[in-house]
Amino acid sequence: MSRYLDPPRHDVREVVARALAEDLTPLGDLSATLLPSGATATATFVVRDAGVVAGTACAREVLRQVDPDLEIDWGASDGERVGELASIGSVTGSLESILIAERPALNFLMYLSGIATNTARYVDAASGSAKVWDTRKTTPGLRSLEKAAVRAGGARNHRGNLSDWIMLKDNHLMGMSIDAGVALARDRWPGRTIHVEADRLDQVDAATRAGADAILLDNMSPDELRTAVGLVAELCGEGRRPLLEASGGIDLTTIDAVSHTGVDMISTSKLCFGAPTLDIGLDIDARATT
Amino acid sequence: MSRYLDPPRHDVREVVARALAEDLTPLGDLSATLLPSGATATATFVVRDAGVVAGTACAREVLRQVDPDLEIDWGASDGERVGELASIGSVTGSLESILIAERPALNFLMYLSGIATNTARYVDAASGSAKVWDTRKTTPGLRSLEKAAVRAGGARNHRGNLSDWIMLKDNHLMGMSIDAGVALARDRWPGRTIHVEADRLDQVDAATRAGADAILLDNMSPDELRTAVGLVAELCGEGRRPLLEASGGIDLTTIDAVSHTGVDMISTSKLCFGAPTLDIGLDIDARATT
Amino acid sequence: MSRYLDPPRHDVREVVARALAEDLTPLGDLSATLLPSGATATATFVVRDAGVVAGTACAREVLRQVDPDLEIDWGASDGERVGELASIGSVTGSLESILIAERPALNFLMYLSGIATNTARYVDAASGSAKVWDTRKTTPGLRSLEKAAVRAGGARNHRGNLSDWIMLKDNHLMGMSIDAGVALARDRWPGRTIHVEADRLDQVDAATRAGADAILLDNMSPDELRTAVGLVAELCGEGRRPLLEASGGIDLTTIDAVSHTGVDMISTSKLCFGAPTLDIGLDIDARATT
Amino acid sequence: MSRYLDPPRHDVREVVARALAEDLTPLGDLSATLLPSGATATATFVVRDAGVVAGTACAREVLRQVDPDLEIDWGASDGERVGELASIGSVTGSLESILIAERPALNFLMYLSGIATNTARYVDAASGSAKVWDTRKTTPGLRSLEKAAVRAGGARNHRGNLSDWIMLKDNHLMGMSIDAGVALARDRWPGRTIHVEADRLDQVDAATRAGADAILLDNMSPDELRTAVGLVAELCGEGRRPLLEASGGIDLTTIDAVSHTGVDMISTSKLCFGAPTLDIGLDIDARATT
Amino acid sequence: MSRYLDPPRHDVREVVARALAEDLTPLGDLSATLLPSGATATATFVVRDAGVVAGTACAREVLRQVDPDLEIDWGASDGERVGELASIGSVTGSLESILIAERPALNFLMYLSGIATNTARYVDAASGSAKVWDTRKTTPGLRSLEKAAVRAGGARNHRGNLSDWIMLKDNHLMGMSIDAGVALARDRWPGRTIHVEADRLDQVDAATRAGADAILLDNMSPDELRTAVGLVAELCGEGRRPLLEASGGIDLTTIDAVSHTGVDMISTSKLCFGAPTLDIGLDIDARATT
Amino acid sequence: MSRYLDPPRHDVREVVARALAEDLTPLGDLSATLLPSGATATATFVVRDAGVVAGTACAREVLRQVDPDLEIDWGASDGERVGELASIGSVTGSLESILIAERPALNFLMYLSGIATNTARYVDAASGSAKVWDTRKTTPGLRSLEKAAVRAGGARNHRGNLSDWIMLKDNHLMGMSIDAGVALARDRWPGRTIHVEADRLDQVDAATRAGADAILLDNMSPDELRTAVGLVAELCGEGRRPLLEASGGIDLTTIDAVSHTGVDMISTSKLCFGAPTLDIGLDIDARATT
């Protein structure tokens, strides 16, 4: 299962390299230069609050880039639910290397486990048939990591970028009907998902008839969503119906109701954008080597 | 005042380039290819909740990198407090360019204004003499932007990285007294701030006598902090005393009490790490050109 | 129409920078150092054979990066069919700059117009209802440019990369039925195109019943394709049917027959991978300035 | 012999990294996320048509960058002539890694072996004393790889870039005689090859007298070339004569005649620019691990 | 001790990669392509003049990047004083790899050992209590390496960049008193070193009273320096006094006198900027493998 | 003339970007944040010692990258000899921008003018017919800038990198005669300069007979050089003779004698590697804007 939850390897390498460069410029770790020669340590990553783990590939990459000779003994995997004070992995080797890696490794783990934990809250709250989707509201430059953490938390990934599929919003349809817009998109980009935004039932009707692959039902109440779901079911009969997405202002208090309306997906930026971090620490047991 | 609040220009350029690359790979904005030729628009960035603005340099750089011909008319500056529905700037030009820039520009504004707004809550809550400090717990690769947003929110920046100054924690002092550690640091890195972590009063005493520039008072109650402040005052007399920092588990409910204990600085990672975003939207008024 | 044909701007900038770095290392253009001071020229890009133009954004970017003061007067757009000896643009300014830009600008134009011209041959040859699709067989590191040139030649773009959509080949379905594979893909990646490879009619049947968005009909004869099209039509009735792609060993002599079988798409790597270049030259009219 | 045929290692690393980034953005290989955990495979690279191999260093680097744990058992070297269905190497390890590496590894092999195979056709066709030279007409950003493939095909490399040596064309000689131009070049860039373009015999005469190291005989017929060769021999007597290059519109039907005229080199962009690819496939034998 | 003398690892990696790219573009080492297959060698780095070694991490990284299979047996460490003809390390493996690595490895060693050796001359010449400081006058892009070489030579590092600490020169104090300037700096950047430039005694007085952490005594004679030291001692009494730096036109003939004036630091750009290199060679013992 | 003296533009851009990044990490210029809003200045670059200017393209690029709105009024060009206290250019605009640009701009000017000035000393000292050549001993990563500064000082550039031409040293000729080595090099790399190192007259004889383009006469006395020159003249008669280079331990006291021996070139690493800098300052005239 873990492969599905992994961020792309080259992104991990690049982001970790940036994080280290940012923390070690221009003279390296001044404080570490005061350590006795040959000091070593064993250090354990400990979760301070219960949550869902994510970011382990990044933390391990931090350790590797700082010092390939560190011995890593990793416990938890991305997507794993862990209780307070659980150990998620330990590392043994040069104390200097561990102190340099400490902050960046923890920053990745706290940040990404925070997203996974927060996502799991939304997924758990939605007891109906709808799945939970993230959005393109993500921290700039870190999208692939955040989307992996969202998967670790049990939700699904919406578009990764503007090239993945077509979304037709009102601004894209200036002077064109939905039908003409979908036809143009289908002609130019066959095989791609065509997604149409609808604020009103007549737009849902038009998008369904036009053969959209997915329809975003924007800012509708549970009742309005149910009506839209019914309309689409009626129009499609036995044939394949478009994926229906509820979006707009959904939070932990309203997600459950929406999940029972028959829509397929509920999207919200709240899974990751501005998610609180998960508190994780590094317990270091250092000793001078003789 | 705004210069003090600006992030470094080359960081802005680089981070924006990464954010655009991430959102436009590999085929550009598919949906925009459906727009009528020559469509233009005017669009306005509108704050949906009251808060403190940050990230304007990034948002403007997004617009510039996407299309240097866009006309930008910027209103609010970083650090400005704005009310609900305030406009913070507008842009006129190619509709395609505006649609491409929309999400990355908003992501920067929402993320960084979220940090500034959250920081201002802490600064406002601390009515005593202590100033508020951030930490090195920041989103990987984005530290200089987050630290600028912290300044926009009215707090101050702690160490930017491991090279800025020396921090002596227990692991750095294996087999050395605080006095010996400070002396070694002073010998090797003259002119640099030397900062010592103290959990107990005897360590405060030792660090003060050793001539530390700053002392981190870790996880102390307001009463303990007051005692530590008194001890340092007594030891230093008329001479210069070290900067005293309270740290550890401080939140919005406890920061005010701590700010009245006589410490100089209160540091907390909560200003930016995992701060909620500020809701900001882009109102687009599009038209086809004749 | 030209926006639909454009490669992403940041890719153009990056690829051009690499092309210039490769041609000017480490001492710049030695020969240009012999030119008289202040020499200027007007130079015209002339197509030596009839064809379809592509790569104009790259050629203009070469000129801009070499010397922002060059005056560019561009004629033809990407996707335009031009006859032998047609001028596609001219440039006026420093002779040194023009000589430095000459080879890289021509290399982009010849290479990408070659792809567009070659693609147009396939598109013209397919007189039936099927559209022509490219593949992921592209020159390493230059895919977004080649895919734009394919659009300029009148064909469509298949997947841009492994993240765009799901393709299930036999190796992906080890120990899973097509039905189970599509269901798993739909569960994990809702909203994404799910594409199934089929060598035999029973696989076409299974993929259609499983609700695949697209089916690759691999190495089938026109008759087999017609049978597969009929089967899918029967299974889907009034409802939406999957996109049907014919693939495998199709060339200029066979594409027309395939295009009349009722499939939606014909994919071939021959559009761009190893396409011959289009011969284009730069006629320089130089003069010494007084 | 293989060292002479290798592309520079750091170029290989960089180009492969770009090719992988281009194919895995932003969410990695979606299809691979559906594989059973622990699936492994052995896969063999098989040439579908006879040809000359090139690009093996790139293919191996793709495998290494995707997964350092893959076991590679490589057979053929760059420059080797292989028959239809020859195996050129095999790889064993994680099925996911092999599927991710498949397309980029094959793209490098097909593209570069195509150039080597095409080059060998020209080299084989030229039965006279002249050697075959490539040009600076190469795919942007990939020149060092293409030039290595040209060597693998048995031809030689002309200038690598504008800094390697001096070429004096008519535009470089505005208001200067060939004699003055060569003297200026010799004065400023002693030790560098000075190459003069000549369209007519009087220019050949002038360039030889001026002491050029090489003369490009542009667009001359075999008879004209023989006359030029004779003229140079006469002028130089026992002393060293310049290298004579025939260039302009030479193809597979004319190269043999030119190779017997006494010129040293025949240059043509047709070796690599727009060369057809060589068909190579990957036969995968996958199995689920127990 | 060596950790204190090391340059940051990621800087070493990056700078070495640039040095190799610069020396191998675009066709690699042409001369090495003529070597017999399988030739190997053992080569020894030998110091031609007595001096202080620096740059060993860079030299080893050059060897590693050129060929990870080279066996390195390193002798001397950064900071070690070595006599004429001392061996500082040897390497065994592919002759081609050693020839490619030779020049870049030697360039790093000669350049950085030159700085260390030159720095040691200044440090040795200053027999008084003052320590020696470098400046921000460094070769562009190589500062972290030069600052490490300065430490290897026994001197200390001043500011690494404009972000490390605050320096108030006259231009920063336009219309502000020193007192107001220090207060503003202290308010905005608590915890940071505040350094004030003083040309005259009244400025020294003002800076001391304002609580500056350090004072630059610019272009003062030994007598003036002594007066300034006395003034500060008087003002500070028992309390902590600011660090006093003598700067301006100090060279090998004047540094000793300055070092006895009671200042803490003597800064000079002459340690590294324009320092002569140390002559180091590589003795290669090559053999063809059977 | 200046074009011949210019470093490549893209190198200038890249190296300047690195120099600025190195000086502004991670929080920008702290001191500049204290400046009054809107302060402006005019600043003049003034040479403190007589010398030869170089690096002006870099200094201007620093100003441009820091602030495109600065007005630059440049006086001196690279290669110009200037007297003590000569102004070489001035800049007007934001005081903050000028203070940020000051150190990097001066570092480039001092470093590169130092090389040009030092080179001119060698060129001036060699009153004979030989020209002066640099070597590949250069500061890592900055070779193209140093080679341009060498040209500004009046000397010539030897090989730029290992790809420019072939140099056969004893290690390249293991088990091969000079004749066989030259023949192999000529066969594989036609058109490239072939340069042979000779320690003894018999090697000079062999290299000349083998048709080498250039011969390095290593560590020979003026008398030995004269003998070698005579031998080559005898062997070549009327025909073209190879370029003769004297190398090894040549300095300002010996260069003149060598320049009168009849060799063509004298090469020495002393022109740039470890050259002293030229003292240049920036006189700033600041004012607060009203």
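Labels A, B, C, D, E and F are assigned to the chains in the order they are written; within every chain, residues are numbered from 1.
Quick note on the criterion: a contact is a pair of C-beta atoms (placed from the backbone, for glycine too) under 8 Å apart; a residue touches a chain by one contact, two chains touch by 3 or more.
In this text the structure is predicted, and so the values were computed from the model without any measurement.
Shared contact partners of chain B and chain F comprise A, C, D, E. The interface of B-F is repeated, with over half of its contact pairs matching by residue number, by A-D among A-D, A-C or A-F.
The geometric centre of chain B is 44 Å away from that of chain C, both derived from CA atoms. Centroid to centroid, with C-alpha atoms defining each point, chain D and chain F lie 32 Å apart. Here the spacing of chain C and chain E, counted between their Cα centres, is 52 Å. Across the assembly, chain D contributes 4, 22, 24-28, 32-35, 143-144, 157, 160-161, 163, 165, 188-189, 192 as residues in contact with two or more other chains.
Chain contact topology: the protein chains form a complete graph, every chain touching every other one. Partner chain D is touched in their complex by these residues of chain C: 15-16, 18-19, 22-36, 39, 41, 58, 95, 99-100, 103-104, 106-108, 110-111, 114, 136-144, 161-163, 165-169, 171-172, 174-176, 181, 184-185, 188-189, 192, 273-277, 284, 286-288.
In the complex of the two chains, the chain F residues touching chain A come out as 22, 25-26. On the side of chain B, the complex with chain E involves touching residues 4, 131, 133, 156-160, 163-165, 188-193, 195, 211, 213-214, 236-240, 243, 245, 264-265.
Touching chain D in their complex are the following residues of chain A: 1-4, 6-11, 143-144, 147, 157, 160-161. Residues 17, 20-21, 24-28, 32-35, 37, 65-66, 96 of chain F are the ones touching chain B in the complex.
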